[in-house]
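In what follows, chain A forms one complex with chain B and a second complex with chain C.
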Partner chain A sequence: MSVVRLIARDEWRLMVRNRVAVIGLCLTVLLTLVAIATSWTHQRGVADLRARHQAAASEAFDAQPDRHPHRVVHYGHFIFRPLGPLAAFDPGVDAFTGNSMFLEGHRQNTANFGDVRQSSLLIRFGQLTPAFVLQVVAPLLLIFLGYGAIARETESGTLRPLMLQGASRAWIVLGKSMALGAVALIVGAPAMAGLALIATQSDTSLFPVLAIAIGYAGYLALWTAAIVLVSAIVHRRRDALLALIAIWAVTVVLLPRVAPDIASVRYPLANRIQTDVAIARDLRAMGDSHDPDDRHFAAFKQRTLARYGVSRIEDLPVNYKGLLALEGEQMTSALFDRYSSQSFATQEQQNALVRAIGFLSPTIALRSLSMAAAGTDLAGHRRFLKQAEAYRYSLVQRLNRLQAEGVTYADDNADDAGADRRKRVTAANWQAIPDFAYRPMAGSDGAIAALSGLAVILGWLIAAALALAWATRRLGTR
Partner chain B sequence: MPTNPPPSIVLEDVILAYGEHRVLDGLSLSVAPGSIYALLGGNGAGKSTTLSALLGFAKPESGTILVSGIDPAIAPDDARRQVAYLPENVALYEHLSAVENSDYLLALSGSPRSRDTIITALDAAGLQERAWDQRLGGFSKGMRQKVAIAVALLREVPVLLLDEPTSGLDPRATGDFNRLAIAVRDRGTAILMVTHDLLSAIDIADRIGFLDAGRIAEEVEAAGPDRFDIRALHARFAGPVAV
Partner chain C sequence: MGDTPVGDALMRIWMYEARLLMRSRLAAFALILMAVLSIAAVIAGLWEVASQRAAIARIAPAQADDIGAVADWIDKAKDPGSAAYYSFHPTWDAPSPLAFAAIGMRDVAPYILRVRALGLEAQIYDGDVYNAELALPGRFDFAFVLVFLGPLFVIALFHDLVSGEREAGRARMLAALPGGSRHIIWRRGMLRLALLSTTLAAPFVAGAIWSGADGVATLTIVAVAIAYLAFWAAITTLVSWFGRSSVANAAMLAAIWLMTALIAPTLAHVAINQTIPVDQGAEIVLAQREQVNRAWDIPREETMRQFYAAHPEWADSPPLPATFHYKWYFAFHQVGDEAVAAKVRAYRAGLERRSQAAAALGWILPSVGVQAILTRLAGTDLIAQLDYQDRVRAYHRRLRNFYYAYMFRDRPFGKADFGKAPRFSQD
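Let's look at the complex of A and B:
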């Protein structure tokens, strides 16, 4: 048996004989298994629920009777964001962002009903998911099992005798790293098995699954190297434990919690009331289609009459009110898009700052990687919002066009006894409108989005390995 | 005509300094196979530094150091494979038993031995049977030394370095240790013993060197049935006794 394996075997023997270590390891593995089971059940439940709600909403929309198209515009439509299978591993921002939207004319609503708003505040601490266990709990367990790996030998005076048996510094460090790395493997294996199960139970692309697996493997390898490094530098077990707990508290707990706060202070985002007030002000300034003196709509009217070669709107071959609705929706949508683009730009600035802070905390980098690959990051939410807005705009304009072409101007303005009946168009028109179908990110795109986080973790891993090589050369010299 | 084997330990005109402080200043000594050299000296004379240099943990500025012909400053790992070292306080693994400690250390040194062989060595080192499979938590210094000696015996290395081996031992344990050291020497091992214990040195050493200010101030050799003149040695080592 090689010296490295002998040293690793002795370290495992010590862990096995330490009941606290065995219990801690068993509990963490059990916690991971529970996390996989609950997270998978939760994801399936949520996905089924949203699919059922979506089907019910689509059915209700299609079940509308013959009616005026503009009533359908205001009847609106509910859509739900489907939850991808990898959300069972890392639900990301799903609990914090809304998961349903009400689509209607003249308004661009935000997503509603995020789980956090409907649950206890404890959910903000972190849901019990495989990602949470690996990001937060696993490093802590590795610290408790590995902090004394080399510091114990230094403190008890067995380091030099170990070296005098012919074990070189490098072999000692490799052996200790191998022992702790094997523990990291045991801790990470159930979560990785869960990830594989999720991937095989759904039509998930292999690329994001691989990105997640490599990212978490790198993260646990980084903690293994960091723990052995601190244990090699520090000469007393107590000091090693304190130093590692401090590193864990700052990089795993403090920075990931503080980084978004720093970002929101540095790049403040207008709240919903401020945005609504600003939009209302801009809408007023935009013009009133009912005001004959309004410059924009007067010009629009002139252009329309000229295009059709008539002098009165009553002579137009299409319903002028429908044309007005089309024009108005186009204008308000452009305004809403401007505001949402501003909001997303600010959010992107915030994210960029959080990512920059992620250079100090591999946990932030891992979270970014994990959420991006799972499609549960803010970019995934934005993708849903963009597709939802595109669908809303298409739906509303289709109905406005229906008003312009399917209801005459005369009927639209009539108020005689049969006028209401004449204003209606057949329900087949909205039944023919395709349902909203969310297009999730392509698997390869998820893997590409995870690359920046992966690069940060690998960078840290290389830095830790170099520092460990330096500490190895100094081992036993004092 | 038989020729003398080359010495297993050689220090020749060694100069070694920690910063500005010169600890070894022209130290020269040699230890032949099958002999015990006792290195005596006051605190700060350079005894422990001599051992560190032989183990490759301290590098000399000049001079020659050889352990079984290997320079520990150039090839420390190779030199250490030739050496068994017993520090003043033997450090072994508390979570392992005497047999497990021996098994682990021997496997590390590339000389794995069977349990029976290890037990024979522990027995030869004087460790009682009931202690063989006990974890080292409750072992006395003497018991730990016996485990370390057993490992040294089984490694069959040509050089044994002892750092204050009898410090803190009671007279019976000291006697046990001295008998063991002689047994190891008789197997052909070169032993360098750094000690304050003049009586033990007189008991077992073939040669005694007095280290002062980093160099051998005087060296005496066992000669004849009376071996050393204890009065003369004590006077040289500690000064004349005031009456």
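Let's look at the complex of A and C:
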């Protein structure tokens, strides 16, 4: 065993003597620290800003004067997606999805004002976060430090003397792997410390943090094994370096970009105009509230009159206009749900295809794992949209009920001088409506969502370890 | 050139060098891969642009269906206000012929937006449906292959141009030749650059011709691409000249590439967004909504006074009746928009400054500069998005005036009038 340590120490000594390598390592560690600092301030700033906006919107909603309930349906409500603490480690799609939404009656609006539309083209180069540094930069640094680990010995012919001196092949490979693995630890440590800091500064559940930590540790271990493997197979240092850079470029840079293109061609997504027109068409087929002779609404009227045992809508104890609004909202809302489920089903198919390509690129697997655990993936955005729609529906229906029960049918149709005053209900009603409270993902759900990515990375790690064992056996036999 | 003896000899030397180059497995592999990637990127870009065009082409039938249904029931009461309220009008931003080369923001910013004559500030920031996880890593287009992958290929082909001869022990012999080794290195470098540029740019030029792009813009992009590759070739040769072993050079160059193509832009992004704060767009929308809804709680005449002050051409409209009138409704929407005009200008100016800052950075960081030039020429950058918004604003103005002419003059709005509504046109 001491031979292994000897070989590892020798390798380190060489790395330390390589000034470029040391500078590279220091810069990467520095970059990680900068990434943690900026990403954390950014996350805090964004979370504060959205909380402030949310408070202002809620205050404005509560501060409304006495109004007709239907006015408030159109005044609507603004909600902002809060940003979880783990977004400081991996913000995922946060910048690419809108984070504020206007909720109103009969319409489902888009989430707007994502950072991507408020920033220069630089945002498409990537975002400086601890996740980015570990996913993209760290493997390249390990390549620079490790490509020659064994290839150097093979090329300069020092491998055989080493073996003649009594170092077994396994010890040599183990020692070199240990040396590079230690560098990987140094590279990964600051980001992991940052992750721990983020986790302790907030009430984050431990499971997703663990999933992220294991995922990135496995990823760096995989690169370490792969680098030593290539260095053992390839006999020339230059070839080892170029091969590794090519592998890195394909799996880290190229495939993550190609995979989405394949997915969007394979599963085309309906755009908004298609969906809006289709919803309008379906709605007309179900019933047209503008048409007095419409069958759906005629039947609704008959049902309502029968339920209250009266023969004229004027005799109803509640405001028929409010009941119509309730019915109409229920119809549109069901359609919104259906079309949004369809759209998300397609997006899920797209993402599943990308994840399948993730079997070829551990970086894709790691990225999905990391976002899923941090709650910043598409599923996280959908969680927000779903809760937003549920809140919108309950808000609008509550207001419609207010119209049905708080405004009489006669007043609602009146247009005399005092009618406007009589149509309004008291402002206390707005304050009684509960604010939107986003329920973040349960920590265990994040960890479970990360499992598939974790499995891919660990699978790759095992494969790389087996291949390394095979390469070890034929080391120096050529 | 081939019929003079000197030309003949020159030609033979170049052909010999080319054969020598292709005998290197690495060089041949790199050139073939470059061609494959460039062709794939151009096809992917053309595909994306074609699907965007197809989506734009689908607007007309969908719109006809939708507006037809609205017209059917509006025709009964012929109320222009209801017509204006319920009619959505499509606008679109067709991709330029060069958009295939740099998709830019076109995958995250809407290129189709339907608007009503109501307050525009509540409509213009709406997005389209897209899968954010697919957008996150960026597009695979020609710009990506050029900006990100191009330098790596240059490094693969150039890093041992000088040091390789040294390592093979031929450097001294070459230096002793008439003209010295510089001559040979220059020739080999030019040959590699020419071959690499051709494999990279030829698919792009083919794509540009296919989509009928402007010749000058196409040639500008080709020139920029060659200059960018030449820049990296120069750096690589420089490092190779002063560096030690081929392998150390390759590592050094890949590190330089990592810094300039990946790390520096992300740092600059943080810096730009910090130093140029932009009032969140959400604040505009919140303020506009307060203004619009306030109208229900103040005397209606006050709103009309404000509206007529800004739009005197409608001031001679009859006074509001005691009952609801749509002209008041549309007036307070417009007054709400105008109340936030200053905020909108500031927001837009902030976005422009961010874009300009990134473009200015392009003078220092070639990767950013090339991306900026490509997205500008392709009309797919932030500025192009703002231009589209300007066109939507101008169209919205025409649309409002069209409906105002009915509402403020109390003219009935029949089925035939739907066809008279102004149509959006790209320019």
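Assume the second predicted complex is superposed on the first by the 474 of 478 C-alpha atoms of A that agree within 3 Å, B and C clash if a C-alpha of one lies under 4 Å from a C-alpha of the other, contacts with A are read in each partner's own complex, and residues count from 1 in each chain.
One rule holds in what follows: a residue touches a chain if its C-beta (ideal position, glycine included) is under 8 Å from a C-beta of that chain, and two chains touch if they have at least 3 such contacts.
Quantities reported herein were computed from a predicted structural model and do not represent experimental measurements.
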| item | value |
| --- | --- |
| Three-chain arrangement built on chain A, chain B and chain C clash or fit | fit |
| First (chain B), second (chain C), both or neither touched by A:410 | neither |
| Touched partner set for A:3, first chain B, second chain C, both or neither | first |
| Partner chain(s) touched by A:238 [first = chain B, second = chain C, both, neither] | second |
| First, second, both or neither for A:437, with chain B first and chain C second | neither |
| Contacts of A:132 with chain B and chain C, given as first, second, both or neither | second |
| First, second, both or neither for A:96, with chain B first and chain C second | second |
| Angle at chain A between chain B and chain C, C-alpha centres, nearest 10 degrees | 90 |
| Partner chain(s) touched by A:163 [first = chain B, second = chain C, both, neither] | first |
| Most chain A residues touched (candidates chain B, chain C) | C |
| Three-chain overlay, closest Cα atoms of chain B and chain C, distance in Å | 13 |
| Common interface positions of chain A, toward chain B and toward chain C | none |
| Chain A-facing residues of chain C, complex | 26, 37, 40, 44, 47-48, 51, 55, 58-59, 62-63, 65-66, 69, 73, 88, 90, 104-105, 108-110, 112, 114, 122, 125-140, 144, 148-149, 152, 156, 160, 246-248, 250-252, 254-255, 258, 261-263, 265-270, 272-273, 278, 280-283, 285-286, 289-290, 293, 296-297, 322-324, 351, 354-355, 357-359, 361, 367-368, 371-372, 375, 381-382, 385 |
| Of all residues in chain A, those that touch chain C in their complex | 20, 24, 31, 34, 38, 42, 49, 53, 56-57, 60, 64-65, 67-68, 71, 74-76, 78, 80, 92-93, 96-98, 100, 102, 109-128, 132, 136-137, 140, 144, 147-148, 237-239, 241-242, 245, 249, 253-254, 256-258, 260-261, 263-265, 268-277, 280-281, 284, 288, 290-291, 343, 347, 350-351, 354, 367, 371, 377-378, 381, 415, 417 |
| Residues of chain A touching chain B in the complex | 1, 3, 6-7, 10, 13-14, 17-18, 156-158, 160-168, 476-477 |
| Sites on chain B touched by chain A in the complex | 55, 57, 77, 80-81, 83-85, 87, 89, 91-96, 104-105, 107-110 |
